[in-house]
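Labels A, B, C, D and E are assigned to the chains in the order they are written; within every chain, residues are numbered from 1.
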Amino acid sequence: MQELINRAKELLADGTVARVLGWKAGDLPFNPEPAYFEKEEDFADFVYDGFCGANLSKYMIEASKLEGKTLVCLKPCDTYSFRQLMKEHRVNREKAYIIGVGCRGKLDVNKIRDLGIKGIESVQGAEIEGSDTLTFQTLYGEKTCSYADAMLERCHVCKGKEHMIYDELIGESRETKDADRFAEVEKIEAMSPEERFAYFQKELSKCIRCNACRNVCPACSCRKCVFDSNKFDSAQKANVNSFEEKMFHIIRAFHVAGRCTDCGECSRVCPQGIPLHLFNRKFIKDIDELYGEYQAGADDEERGPLTSYTVDDAEPGIVAERG
Amino acid sequence: MQRIGVFVCHCGTNIAATVDVKKVVEMALAEPGVVHAEDYQYMCSEVGQEKIQNAIREKNLGGVVVCSCSPRMHETTFRNAAQKAGLNPYMVEIANIREHCSWIHKDVKEATEKAVILMRAAVAKVNLNTPLKAGESRVTKRALVIGGGIAGIQTALDIAEAGYPVDIVEKTPSIGGRMSQLDKTFPTLDCSSCILTPKMVDASAHPNITLYTYSEVEKVSGFVGDFTVDIRKKARSVDMSKCTGCGVCQEKCPSKKIPSEFNRGLSNRTAIYTPFAQAIPNVPVIDRENCIKFKTGKCGVCSKVCQAGAIDYNQKDEIITEKYGAIVVATGFDMIKLDKYDEYAYSQSKDVITSLELERIMNAAGPTSGHLERLSDGKAPKEIVFIQCVGSRCADDRGKSYCSKICCMYTAKHAMLIRDKYPDVNVTVFYIDVRTPGKNFDEFYRRAVEEYGVNYIKGQVGKVIPQPNGKLLVQGADLIDNKQILKEADMVVLAAAIEPNPDVRKIATMLTASIDTNNFLTEAHAKLRPVESPTAGIFLSGVCQGPKDIPETVSQAGAAAVKAIGLLAKDKLLTNPCTAHSDELLSNGCSQCAHVCPYGAITYEERQVNDHGIREVRRIAVVNDALCQGCGACTVTCPSGAMDLQGFSNRQIQAEVDAICL
Amino acid sequence: MYQIAKENLTALFQKIASLQELYLPVKNAGQVNFGVWSEDAEVDLDTLKSVKSPKDVFFPQSETLYTCIRNGKKLTIEPEALQEQHFVVFGMKACDIKGVEVLDRVFLSDPVDTFYAARRDHGTIVALACHEPEETCFCQVFGTDCADPAADVAAWMIEDTLYWKPMTKKGEELTASLADLLTEDDSAQEKVEAEQAAIRAIVEKLPYSNLSLEGWNGDVLMEKFNSPLWDELYKPCLACGTCTFVCPTCQCYDIKDYDTGHGVQRYRCWDSCMYSDFTMMAHGNNRTTQKERFRQRFMHKLVYFPANNGGMYSCVGCGRCVEKCPAALNIVKVIKAFQKQGGEQ
Amino acid sequence: MSIEAKEEFRPKIVAFCCNWCSYAGADLAGSSRLAYPADVKIIRVPCSCRVNPMFILRAFERGADGVILCGCHPGDCHYTSGNYYARRRMTLLFSMLDFIGVENGRTRVEWVSAAEGVKFSTTMREFVDKIRSLGKNVRLEDLRCRN
Amino acid sequence: MATGNKQAELIKEISGVNPLKCMKCGKCSASCPSYNEMDIKPHQFVSYVVNEDIESLVNSKSLWKCLSCFACVERCPRDVKPGKLIDAARQLVVRERGGDYLSPNEIPELLDPDTPQQLLVSAFRRYRR
């Protein structure tokens, strides 16, 4: 972390960048927030640890409009988002100085709470070079858990240690993948339609239409979302019955299909713990199976799967045939 | 909300017999926004149109819904009528209660209910319609004819005569097409080449006609009035400007064993060849696949013997890009393959032939120099059996479902010619029906029977069995005498079905012209627009549209020419105003819409916007109205809904959905 | 005071539900929210905070106001019935109850919101003391004692026993209707006091308990409004509505029409000042930037509301926003940022 | 037991037809008098690629029991490539609907050319039969829109 | 007439044939190896079914003379399959109790040492219940 801070200060000092986009320590041990650093003294609060899960690439849309370059710290998975946004002309590469930061998996405070750890006063082991065990001092005594058990779902199916785009790299990344990316989707696919319907009905009935999933999503970068405009008569904020939520989540997934890098931010931020990534991953799985493997944000040129075609693509009837 | 008028057409009894039109009027009047509704016998009539116009003026209508036949039929009629009464034509919507309702439902209650729903959907849509203004596009005053047979030649000549430049693209080395392979033509029995050759010469000599033979259309872009076409001029290996057509090269060419396409493989040709004596242009091509020089690098005889020095082994395919205002398709036909008709022994015996092969045999320039003889042993046949409908009118996948139309007449011609020239030869024709609609056609057929003694048997042949003695045993049915016939024949002639040239599918795709399951190009209207494709600016000439004989082909070729001339005579065309439109406040500038636009109509510009007080420069999608054809692909790709289609907007379509699901 | 063994709670809930509708914390797909009790519902009294505050029992996320039915060109309007049935909310925490007091200030002052008032009139609240407060809690800062919740009935869960103390007439009535399940317990007071002491001891140790509200009141409007701190504070904000939707005091709603095809349903639904289309009008939005929207939320909670309500803040320190903000922003950080700045000056 | 005959289920079916092929195919079915159930109501769109998944969900929201999209055969699109995009979009959308447990078969895509009146009619009959066998759409409808 | 109609419907159902597709080309009769043995010719099977004269059809010689070689089925350009029609008519007969064309008692007479057993089995399948 110190190396990162030093380098950032250096680039700020020599005028290469006008500001640094990173994370600022929170007032609790587990809530660092995305923040800009423009002066040397600001760096007192700079932090980069296991709780810095936020994907900063979306902030670069706004940062691209600012005077001068912005140094942005991107984890390997965040770089996919940045590159996809670049492809869509939503961020300006010229305005970004990308430091690819190392990552050994990010932590999910909800998982920690689910492990029965509450009243957290301090945490050890969450540092970027920390140990495999997390130790918590809580109001109710000392608690421990393994780092891996507290990781975000997305880190268990990590896309890899490689940064897709960067100006320089600082820090080592570690392989954290220990699960199959599509296992959850396959599990649901194997259910009967009635079970699937019940499953999603139950999950989506929790949705409060807070739009956190949409607003955090780097692919949902529309200046004005269709669900906020009158273009489709779809600006309904109500969760009157379950259809509104289905409409919202299906269309959101559809709009990001072929553009979603599977960064997992939607599920990370959902206050109701809805596994929203399943929608996106279902599309990714279908795209991979039907149109060839495609990873959004892994290249600059290739057309997305929904803006290209081949003459012998599968017919929609394949859905019924697959059963 | 618009002030809407609803007009319900009886269409005589076409609609009124199944739909309670009074009820539709009554229900229309109950719809919010509807201030006027009436029904009338024929809305498309002068009186009907006047009713609409009067209502527009008197009731100050802002929108009109006509419940009538398909919009493909009379949308323009009603729009024009509304325009004359001062209403923007795009404020008119049609509820299709004939083709989509009265004609397919029998129950009056059910049909009326559906008609009411369709009316409501149209009212809901028109409520959201906005006045649109058609733009203008230019017309390139040049036509392209694809195919150089009699259809293409005639079309080209007619267009050229009207004063417009026209290019013919012909795939083979010479123009002439199928007709050049025929010996005689029915019902007058004139010599085919005697009437065709002058036309070929006219075409090649006409100052307004450019021939691209041995060439193919490779790419088509653009739209009516402004097509851009890439033509691949295949390497002829002979310099057309130098060749004198002396023919020495063909005499000397050592590669002589190549089946002649022109003679249907019944004779051979050389590797450097002109397909037939009267070929135009009279310049040979080198068939590189069979040329020794191209295969082995050695030979070069033709080059040595050519006095004019016209042989050019290094010639390359050339791509010519040209702009056209109109395109006429005249790709013609071929005979179907008979490999699925083993029962007729076509592949087992050389003496079972198709009628087109018989044409070549009968032709003086053909493989037998016009002598009727068996290809197996050269003997003169004494018994000839003709089998009709081979692969035509067939319900399974062995043949074609349609009637090939020309076979009855050419078989009568063949039978008559044989009986005339060789009175000792017996001719039997097995037929299912003899179809002879056409001027002097039935008389022609009757002459074959009555004057020439051709034996017509009603019934089909079950199988043809080649005998060890070289004869062909024909087992057929006589349905009049109700008996089975076994007949020994020397020669069997199969009236094989004709099918559109297999290349036509590729061409149709390039032209975005619709095509049916039999590969015939679809006409814009089966009765009223038979020579136009539904795709504007594309016209149909000859068999590519459906089976037809020479006189019909020539008249259709003329008709297609007139349609093309009508288009070329215009300086400007009104464009479809139903184009996409980008909302600058919603556009993300993400380029996804440009990716899916088939016309390259979407570009991006950096533009200063004022988004509710936020002033900034944004990358905005911009639609070029002249290029946009209004497909709407961009509208769905656009996640923010910034792209919308005029005339078929998101809200309009949703309003229709809502009304239908009510 | 009364008591009932934890193992008999199901019987208690059955009994209440047989008399009137019962809302209580229910776990559904892993998350605890207030919901209607049923035999199948998985009641969860151990989780400290429901994801959404229970305010939606009185102020539902969306509710129909009236329905307009179209028949041809004729329109008829059907008003929506007000709450007529009595119901019980079990397990609200002290902070949530404080939140309802805030809502009362808004909805019960003139003009009275009849939909809300009807629900308040018909609802009986059984409050539950917080057994193990967590690090995100700061109710004490707003003077709330989570060990002694004040509602129609106050309750404490101590080991395997629920202690039950009716506080109001409504509470007495409810208690009377459950007489065969609740037993009087004279020694209860002692146990409850011991529990309260334990809770208060933890509260003292909470990281946020020493948070100071000094300088936040209705008189500092322009000073706070114009502070340059907002320029930085809002930046991580994603403009989602999570904080407002989990908040027990956020009371903004939007009124919309839903076209049912047969007419229009006019309904109101929670809105969020964080949304870009919040209070959107024909000319646009009177707060065009996220900074202004962000500032609005906190200024309202800590300045405008107290200015209009005798110093009452419209934050109750439940800490839900601290837990749920996707960008780890929250009201505490805002208060602290100003505090820090004050210190520096 | 009720003595009234159970009312026959009449599904609401929305058919989006492209202007150039399928709408013309439907016209041909009409002029050839090839009957199909009146439950099918056609909406004309310029091309199958104009059909937004939102329209389809909207139809279901409003109580449609089945939605079918008809366009030109692949390769024959009037706009050259529209139906190819539609094909991918619909495949993914249908797959998602299947994933969340909506009955398979409520949605369908069929390519119908201007010459295929027979196919249009048989397709519609088949589709209506299928929807009748599936019964009312309850998994996607918005209850507020019920009569 | 009513029985004729019912039987005709049954034949259509069993055979899966729509006789109205026939274009009366006679290719079936032209292909039939048993043609000369038959009183009602293959192409007539179709019109008998169309005219619902099933009585004549089931009492005809042809019913038992058809070899079921299906040459007519193979070659029919209209997918009408006269062979299937006559097969179905035969089914009508053998489905009637006692309508068996072949009885086990006749077998010894007909037996030829060279007759394959399989033929007998298939003959039973075709000629009796």
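Quick notes
Just so we're on the same page, contacts are C-beta pairs under 8 Å (C-beta built on N, C-alpha and C of every residue); 3 or more make two chains touch, one makes a residue touch a chain.
What you see is a predicted model; the values in this text were computed from it and never measured.
Counting only chains that touch, the fewest steps needed to get from chain A to chain E is 2. Chains touching both chain D and chain E: B. Think of the whole protein's Cα atoms as having one middle point; the chain whose own Cα middle lies nearest to it is D. Of the two chain pairs considered here, B-C and B-D, the higher C-beta contact count falls to B-D.
With centres computed as the average of Cα coordinates, no chain lies farther from chain E than C. The distance from the centre of chain C to the centre of chain E, with each centre set as the mean of the Cα atoms, comes to 84 Å. Mean C-alpha position of chain A lies 37 Å from that of chain D.
Rounded to whole angstrom, the centroid-to-centroid distance between chain A and chain B, based on C-alpha atoms, equals 54 Å. Between chain B and chain E, the centres computed from C-alpha atoms are 45 Å apart. Each of the following residues of chain B touches two or more other chains: 596, 637, 650, 654, 658, 661-662.
Among all residues of chain E, none touch two or more other chains. In chain C, the residues that touch at least two other chains are 258-259, 261-262. Two chains count as a pair here when they touch; such pairs are A-B, A-C, A-D, B-C, B-D, B-E, C-D.
Note for the complex: chain D touches chain A at residues 52-54, 57-58, 61, 74-75, 81, 84-85, 87-105, 107-109, 139-144. Chain E contributes residues 21, 23-32, 35-36, 41, 43-44, 71, 75, 77-79 to its touches with chain B in the complex. Of all the residues in chain B, the ones that touch chain D in their complex are 70-73, 96, 98-101, 103-107, 110-111, 113-114, 117-118, 121, 505, 508-509, 512, 514-517, 520, 522, 534-535, 578, 596, 598, 629-633, 635-637, 645, 648, 650, 653-654, 656-658, 660-662. Put simply, chain B touches chain E in their complex at residues 343, 389, 393-396, 398-399, 432, 458-463, 475-479, 482, 484-485.
For chain C in complex with chain A, the touching residues are 28-31, 33, 48, 51-52, 61-62, 132-136, 202, 205-208, 232, 235-236, 238-242, 244-246, 254, 256, 258-259, 267, 269-272, 275-277, 322-324, 326-330, 332-333, 336.
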